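Both complexes shown next keep chain A, but they swap its partner, so chain B is in the first and chain C is in the second.
What follows is the complex of A and B.
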């Protein structure tokens, strides 16, 4: 088999494994605990006033069916997978009778857009600045940028988002701090609507970027400063190749390869950050949906979002993996 | 000890990291001298701004912020350390075995490992809380996070262990009849310990970050004071809108100090372990 075919096969295998283990963790978490979600829902809905026992029994049966908790453990496991395979997570309890999949499909584009924009921006900017900082080591401005990036990097997404919320919500209220667009605005693709989308996106994107930049910056800086000491770079310099060209095609190109792998590896935590940030800014994506589902006690919605998150993130990693050979042709030669 | 002092003098990152963490740790130790138990409320006048009497002010629940914060940071730190220690055991086990065994065992373990790196943990932790609700406790969360948070460091440990496998002393060990367990624990473990220490810092940062996030949302045991739980209660009492800024400001300040301190320590330790980056440093 050719090198690329083999590579493709192993990546697909890894994708299948991620999905398999991820879904199993979700199953174990929901089934290994002594707490019964059916009884919890019943307790919550019978808190006020008494309901006759037959009604409760009927409720128990339909909830069991709804949650896929009928039969033995193995039956439940099979049901669990079958539902994922057909994308049916049942109706949402908090927004009855809207199916869970509809709710998620409505929220997912927001999260995907937020993630794609902020990740691309952060990755490109961080690598660019980091590469420059590694190449021009004496530049004052770049060194200062490095310190700034390092200061924000270790702070978790929630705190950074929260700080931005305080600064731009209370101290200097110039940007919208909640929602994805101006409320009650008509959702057509008019200029005004797009402008409102952009304005609402600034703070979530900024908080994701502030945390993310440092990692790419520092990684790229140390990669570049290692590549710069290679003989071929010294040779190119002696041969009189333009410095900008050395930086672009000799140094950065080589140093970018591990950074692409790094992007695939950290996608899961970037996703975590995105849904946390969404919650802070009330952005209408999956994160906000997840938190409100927890508060509403909506079992099928929480489970559905967890499952879709696992599927979506592992699929995104697969996409990066498949694009990887474009940057590193050695994969094909193996 | 001498090298510690030398490092303190020569490496500014290391020095600032140590100072920051020492301040935070000292503050946490003050909790043992607190005049009030952590969960007592309405022991002082509520909503008093920071003053000579109440250094950090008081909360809307009539707690003195200074003493409450000492308990909160102590619990938060202990949480981070417990998760780090537990997950280190898993990471060491997987990393050392994969690196030493090689072959299909290595490939299998690393596939599982990469899976744990990729899976988005936050929704899973939220699901975990959702299932447990009131049964959620501090210890369970720590256990769960330790089970999920070992993978990245196992990969690092494995890469070091991989290079140890073909060293002469490993072969000497095998031929002199040491068991695999003995070789891993007595011969290989000391080599990976430096990297384990630096990843510990990052892991503490990671687990505290998630704990704060989950607590602020109310998805943990909200009766044990941690930094996240403090911010949660401040938000519940709409402290910012009410102008009680100190209730938010001091916990955030303290936790940010912890994060930056741990991070600086991890970075400078990495530099110490990897002499190549130290070389780059002296060039400047």
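What follows is the complex of A and C.
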């Protein structure tokens, strides 16, 4: 077997192991929760209405039967893996009988769109400005951008989100502060709908981008600062190569390799959702779904979301691992 | 400088955009649309409208308020035409002498939103479906109570019960919700109703579903063209043509949305949010014109003491803990003073004060507590007034001066803090103080963990923290335990020592207490570790209480003896102190009059509870008129 083939097999094995262990841990953690979905349902049902105590015990038994929770933990574990094998997470316990996969499929596009846009925007702008700042170190505008990036970076993104909310939702109310699109609008991909989507996405994206920008900016600036001291850059400058070409082809390209790795991991983690951003801006998505599932003790749904997340992150890392030897022969050699 | 000038010019140029850039509803005239908060938040199963399935979808997204109907409603306040309303029924429930049979006469001329007439067949279908189907929201109470149901004619339904039940009608009487009627012609075609989403719902109420967000952020309901063939038509035409139920987000965002006039009714916000709106939004108002603004719901937050825990077995200990609480500090800590306190185990709202608080005031003033060394009169009738006086310097004329208004807004009296009497009571119970710490009779430190819900219910959490702090200052090792989402589980399992919660909930507008009290009978108290059914979370039992409950079961709902028995219950609770009542559950519902007028309020229009997730909200619709 060739070196790359062996490398591929090893990495695929690691991928499968990580996914298996991750999902098992998720199963144990979700089932260790002190919140019982049956009791949550009963509490929600009896919180306001007049219910006879005798009826409550009957309701408890019916719900356990309905939710399929009568077996022991081992039975549930076996059933869980049987379902996972065919891509079925079973019914949600807090939105019974709707399948978990339906709920995730409904929420996921919103989260993916929000986080792909904010991650890519942040990555492109952060690296571009960081690269320029690292190369043109005396430029005042870029130094100011560096100060701004360093100032925003340590602020928790939910603080920035609240600031944006107050500024653009209250003091100068020009942007919507809740929801994914305008009420009573058909989701028909008309211009009106797309514009509405964009308007509703501005503040959530901005809150993530403003904070995330600093990390990429500072990382890229440091990388470029190191690369510019390399001999080949010095030779290129001495040889009279255009500065823009040196920056583009000699500096940025070499500095980008670790940033690409970071991007891949960031894109993999978008399936975790942006819980607080979604909460602050009332934006639909997996984060909102996850919080609601945790509060309701809906471990089917929590497990479903967690499994999707584990698969996505592991798959992103696998792709990077598989791509590395193609980019850098030293990895294959090891 | 040029750059800054350009930025400033840009800001000035785009600033007016603020006036036009909002706009939350597409294609609907704002002046014809009422926008209401759905406190359930974002609904994950948005397209589910089968309300008979347990918790599969939203209930207070307008579905139960605008789409559902049942036999009777009891209003938590005065009601549009009295507290009791015959809705789908044309008269009150008719019981036989031993309460084993209940006859319901139905109103004629009511139709479903698809034009089909509502008749006794729908009732029969609803009941029989619940009798033969497990796992529906009302399957269990129907299966336990109903032996047989029949319809001698299209407007009469007769229930034969398995055993006497003088309160069987409560199942069909709305207090927040009740068992709603199903459209037979829709559901009978469905093979498995537990898996039927009922989308779009055929309604009996005056509205039908117009549109909804698949992600569960909003629902829009439209007034039926044939609204005259619904039960609320007796009171006039519903004002709003459209009603939107939305998830506006956390409390601060609700305040922002109302200040931008994009949310007409806030279901509930923080005390601080309410104060902000009262100060800066002239069109916003609460249930009370001034402080405390909030609507006192017929629910009684209290310190529940787990009666199965040995440390609370002694009445002396329970009373000692009550006498260590300064309710003024609890009111300030929890509701920032906007609480309506109650010394007795009845919510101080609706019919409560008229039937219980006022008549029992004289008894409370003379009530004596024997500490073992002396007798004290623990009740201080002036505490409500003291809270009002305390707040008046900062809130000035927002605080009423009329004693009757003060009692209505802040409550009447409470137990005067008395550490000396508490010491005597604890000593009589065998507790001892060494240094500055108290010890139990077995020599272990007197430690109390007060369970609170945490961020999910901050007002009650703050109340719990204050109570624990006051006990701690006295030398008891008290602290709070934040249960967050596990609160319901731990409450049901009895996995707590003391907690801030409520086990007393009443009809509000009607003095009958069986609504919650029947479940307090010792027959339902379970051993430690077993799940306790609602609502006797404190797991307290008492032969005298059992007798009161059994006597109540033997009399009719409107029998005046019920109030006498209710007062006996109150006196027993004061003597035994199994829970320490604190105050009513005040809900900061805020209504904006920019687009609509006619909202309920305490002073001039107490026709219903303004809290908009109650089924009773349907009556608000007929009172609302567009602002001219």
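Everything below uses one rule, namely that the second predicted complex is superposed on the first by the 234 of 334 C-alpha atoms of A that agree within 3 Å, B and C clash if a C-alpha of one lies under 4 Å from a C-alpha of the other, contacts with A are read in each partner's own complex, and residues count from 1 in each chain.
Following the convention adopted for this analysis, contacts are C-beta pairs under 8 Å (C-beta built on N, C-alpha and C of every residue); 3 or more make two chains touch, one makes a residue touch a chain.
Predicted model, so just to flag it, every value in this text is computed and none were measured.
Of the two partner chains placed by the overlay, chain B and chain C both lie in contact with A:40. Once chain A of one complex is fitted onto chain A of the other, the partner contacts of A:299 are limited to chain B, with no touch recorded for chain C.
In the superposition on chain A, A:66 contacts chain C only, with no contact to chain B. Using the contact criterion defined above for the overlaid structures, shared-chain residue A:267 touches chain B, although it does not reach chain C.
Of the two partners chain B and chain C, more residues of chain A are touched by C. In the superposed model, A:279 makes contact with both chain B and chain C. In the superposition on chain A, A:154 makes contact with chain B only, not with chain C. When the shared chain is aligned, chain B comes close enough to touch A:310, but chain C does not. Put simply, chain A uses residues 33-35, 40, 166, 170, 279, 294 to touch chain B in one complex and chain C in the other. The touching residues of chain C, counted against chain A in their complex, run 14-15, 17-18, 21-28, 41-42, 44-45, 48, 53-57, 134-135, 137, 139-141, 143-145, 167, 170-171, 173, 175-178, 194-195, 210-211, 213-218, 220, 244, 246-250, 253, 256-257, 259-260, 456, 485-486, 488-492, 505, 515, 518-519, 524, 531, 533-535. Listing the residues of chain A that touch chain B in their complex gives 13-14, 17-18, 21-22, 25-26, 29-30, 33-35, 37, 40, 137-138, 150-151, 153-159, 162-163, 166, 170, 222, 225-226, 264-265, 267-269, 271-272, 275-276, 279, 290-291, 294, 299, 302-303, 305-306, 309-310, 313-314, 317. Chain contact summary for the complex, chain B toward chain A: residues 111-112, 114-124, 126-133, 135, 152, 205, 208-210, 212-213, 216-217, 219, 231, 240, 248, 252, 255-256, 259-260, 262-263, 267, 276-277, 280, 283-284. Against chain C, the residues of chain A that register as touching in their complex are 33-36, 39-60, 62-63, 65-66, 92, 94-98, 103, 106-107, 110, 165-166, 169-170, 172-180, 182-185, 187, 192, 196, 279-282, 284, 288-289, 292-297, 301.
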